[in-house]
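The two complexes that follow have subunit A in common; it is paired with subunit B in the first and with subunit C in the second.
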Partner chain A sequence: MTSIGHEVWMAVVTCFAAIFTQNILLTTFLGMCPFTSVSREVKTAAGLGAAVVFVMTCTTVLNWLAYQYVLIPLGLEFFRFILFIIIIAAFVQLVEMIIDRYSPTLYQALGIFLPLITVNCAILGASLFMVIRGYSLIVTVGYGFGSGVGWLLAILAMAGIRQKFNEAKVPKGLQGPGITLIIAGLMALAFVGFTGVLS
Partner chain B sequence: MSPTPIKPRQIMLNGLWRDNPIFRQILGICSTLAVTNVVLNTAVMCVSLTLVTALSCWTVSLLRNWTPRNIRMMVQTLIIAFYVIIVDLILKAYWPEMSRNLGPYVGLIITNCIVMGRCEAFAGSNPPRLSFIDGLFSGLGYSFVLLAISVVRELLGMGTFLGIPMPYFSGAYWDKWIIMVMPPGAFFALASALWICRSIGAKEVKK
Partner chain C sequence: MGILATVLIVSGIAAGLALLLVTAERYIGDYGPCKININGKREIVVKGGKPLLSALREEKIFIPSACGGRGTCGVCKVKVLSGAGATLPTETPFMTQQELANNIRLSCQVKVRNDLSIEIPEHLFNVREFITRCIRIEELTYDMRRFRFELKDPPTIDYIPGQYMQLLCPRYKGSSEEVYRAYSIASDPKEKNIVDLIIRRVPNGICTTWCFDFLKEGDSVQMNGPYGEFCLSKTDAPMVFVAGGSGIAPFVSLLHTMKNQGIGRKTVFFFGGNTVRDLCLADEMKAFEAALPNFTFVPVVARPQDGDGWQGETGLVTEAVKRRYTDLSGHEGYLCGSPGMIDAAAKVFTSLGMPDDKIYYDKFA
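The block that comes next holds the complex of A and B.
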């Protein structure tokens, strides 16, 4: 019992660490492409962020199971890139169908970005980090969820800032992605402040 | 389907400057930010990415007439993953230390938008030789921006170049900008690189 309690506690700590001290976007830079291109409006950003939370939590767990129970017994660890990608792609297809069915407005707003989740490096990156760090299943759930929430938090904050930013005068060469990166840098600075809160 | 003839020279120029993956198309910046804190890591990453891009473009182009349109993304991903696995295994076998340093970022070349973008935009409708050149030079365009950024970051952040202390920057009178090798520095360095390159680009257009 105590070991399970400890595992759950570890999962909670990992979850918070993934949100704040090791934010997947601001400290490991994964998922930058949608972060710069879909962060113009809070509404779409929230939609994509929610999709990422959901997909990331589920795919890290699925990939953990696949890695532990299929690849390791077969000695095919090097095959993980392909297997993870296939699992992620299949899962995204499912999410796409669900959103299409229940929220056509969101589906229209996200348009081409949903398939892009497949090549969102944050999703694959979370799975690879999970393997490298050797998390257990319960910790993996916490990690996947926390990473997703961290990503959502970052893109929401960015979208909010960018909306306020519309009327500001930005030097020509810095418009668009340039200024987004600088804002992201300032946000990363703020998140560096969390370092040491959790150990 | 007859693609408009395009000269190799033009492809090279496009990859290196006019359509540079980093500061023109803002593709593949995840790895740009993550591995540029040390020059050596960056160099290895650049070589890996350039090789993977060139070879996958070549393969995708070879197979383009046999690939059904609606599953082409899957086929492309598998081709890219194939080359990435080769690179990953070679690194693990001969340079385990570097493999650990780069962590998941070698594997993440699979989802690097540059590779996918070039395969989709160019290799899918052009002959193998041109696609190979296109992939190679897109990779080189990526590499030179990354190397420039990493040189600046390592020099300012740690006062070294390839791990060798540099005269002025490693001295006591140079206060090291630790922030440059930390995550925020990556964002600022890339933003500055973007700014510089885009400003030069804008001048060229005016002429």
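The block that comes next holds the complex of A and C.
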């Protein structure tokens, strides 16, 4: 297998791993804030999730480039936390401006979620993991996309479950975030079942 | 050396990204001129890209808004006939099904992206921007003050007693943005060059902090108005007023009008405070009682202290209403105060048989 072919294969494997076995939300519990607050309805959860997929894919790539070609040559690796978050914020702002201008329909569906995403720690988390795990650019694309899809999947499942919960009698003390966290824990256990599927 | 270089590089990167955003805002955020057609009669041209509320404000058309365009009060409703796209999730919580069907929108959330066609109540065209001078500041209680403003430009105002003004709180040390806040007019409508506002200090409130700690007698202050549909009905039905705190303000104006016009309707005014030191304007209310034979002022203290020597009504203001009345079916209710107090008082009115459409209030969020 050529090295490019191998890279692509690795990217696919990393992507699936990020969706299932190492789901960023259910294994590291990053991005919990929007996960608990915007998971009341499947429709809004899908909008937010789609925005996360898009932003995560793009920002991991941008941050990879910034890390490899700016921070490493300058010897400023320790500065990555701040640089990454600045890049994420600027990128989200820019994207919001562009879709607000050119696609009102897309803005309706995604735009209002974009400001929420700037402060979603799963986005920053994905960029930091990519550095720690030493991914190449191609693998990073797979990883960023996979992490986003994994997050989307988790919030969709949660929203589906919570919609069913509208008719259930939840004990008063557990209503809202309480029951949501318990469900998230159970979902995380279920996702552990995927361990070993991909190696 | 290393530290200096790092700081320079870091600032350089941040500045570069900021520059990118500013440039993008300049070119992408430029929607060009947009036409807004109002009530099919008037057409204005504004620069696109701004919320409808502020675009109209720049054209001297003032839509009432209690929160100043943050999308939290739901007051700045406007009917948008075309050009605004679908209703945003930030608007739906403030809308009834009927309003959604009628294309009512929150003007602070609607962005002017293209030509719009809107409908607004004609009386909003009467709203003006006033330059005033604060000529007197008077302590009413430990946390409430009455501010008297003399109108400079334009020099007089016509308002319906019960209406409110929006005060512009400028930038000051501690607040980096201009905000508008709504306060009921508490002056005698006969004095056309005067606007009194009664303001209660809100801990850490942007505008009240400015009014209490920065505004001085002699300062120039900007405000716009009048707004609101809270006013005396044209019937002869007996009335029940309920207010708490600075909610007393519109009633002062209403009582002046009753006195000026010789309106002798039977009126009982319940004014609630937590302790005796929350009560105010006792002398003025006494004067109204003397001038209006059918008017009774009932101060209610929730928690009188031992040393106060308080002889009057105690408990919640709603309890005092219930003690005095068993049947309010022929009465009209007028409310001003916090949303919580209004809801509680409206509930009591309803339970005593007052029809919903006879309960009048402006809720400030």
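Simple rule for what comes next: the second predicted complex is superposed on the first by the 182 of 199 C-alpha atoms of A that agree within 3 Å, B and C clash if a C-alpha of one lies under 4 Å from a C-alpha of the other, contacts with A are read in each partner's own complex, and residues count from 1 in each chain.
Following the convention adopted for this analysis, contacts are C-beta pairs under 8 Å (C-beta built on N, C-alpha and C of every residue); 3 or more make two chains touch, one makes a residue touch a chain.
If you're wondering where the values come from, they're calculated on a predicted model, not measured in any experiment.
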Under the stated touch criterion, which partner chain does A:T36 make contact with: subunit B (first), subunit C (second), both, or neither? first
Which superposed partner A:I82 touches (first subunit B, second subunit C, both, neither): both
Which of the two partners, first being subunit B and second being subunit C, lies in contact with A:T27: first, second, both, or neither? first
Counting only touches as set out at the top, which of subunit B and subunit C does A:Q108 meet: first, second, both, neither? second
Quick one: classify A:G173 as touching subunit B (first), subunit C (second), both or neither. first
By residue count, which of the two partners contacts subunit A more extensively, subunit B or subunit C? B
Pick one for A:V13: touches subunit B only (first), subunit C only (second), both, or neither. neither
Given the touch rule stated above, what does A:L94 touch, subunit B (first), subunit C (second), both, or neither? second
Intersection of the subunit A residues that touch subunit B with those that touch subunit C: 79, 82
Which subunit C residues qualify as touching subunit A in the complex? 6, 9-10, 13-14, 17-18, 20-21, 24-25, 28-29, 31, 85-86, 88-90, 111, 113
Residue ranges of subunit A in contact with subunit C within the complex: 44, 70, 74, 76, 79, 82-83, 86-87, 90, 93-94, 97-98, 100-101, 104, 108, 112
Subunit A partner, complex, touching residues on subunit B are 26-31, 33-34, 73-74, 77-78, 81-82, 84-85, 88-89, 103-104, 107-108, 110-113, 116, 179, 182-188, 190-191, 194-196, 198-199, 202
Which positions of subunit A touch subunit B when the two form their complex? 26-33, 36-37, 78-82, 85, 89, 115, 119-121, 123-125, 128-129, 132, 171-174, 177-179, 181-182, 184-186, 188-189, 191-192
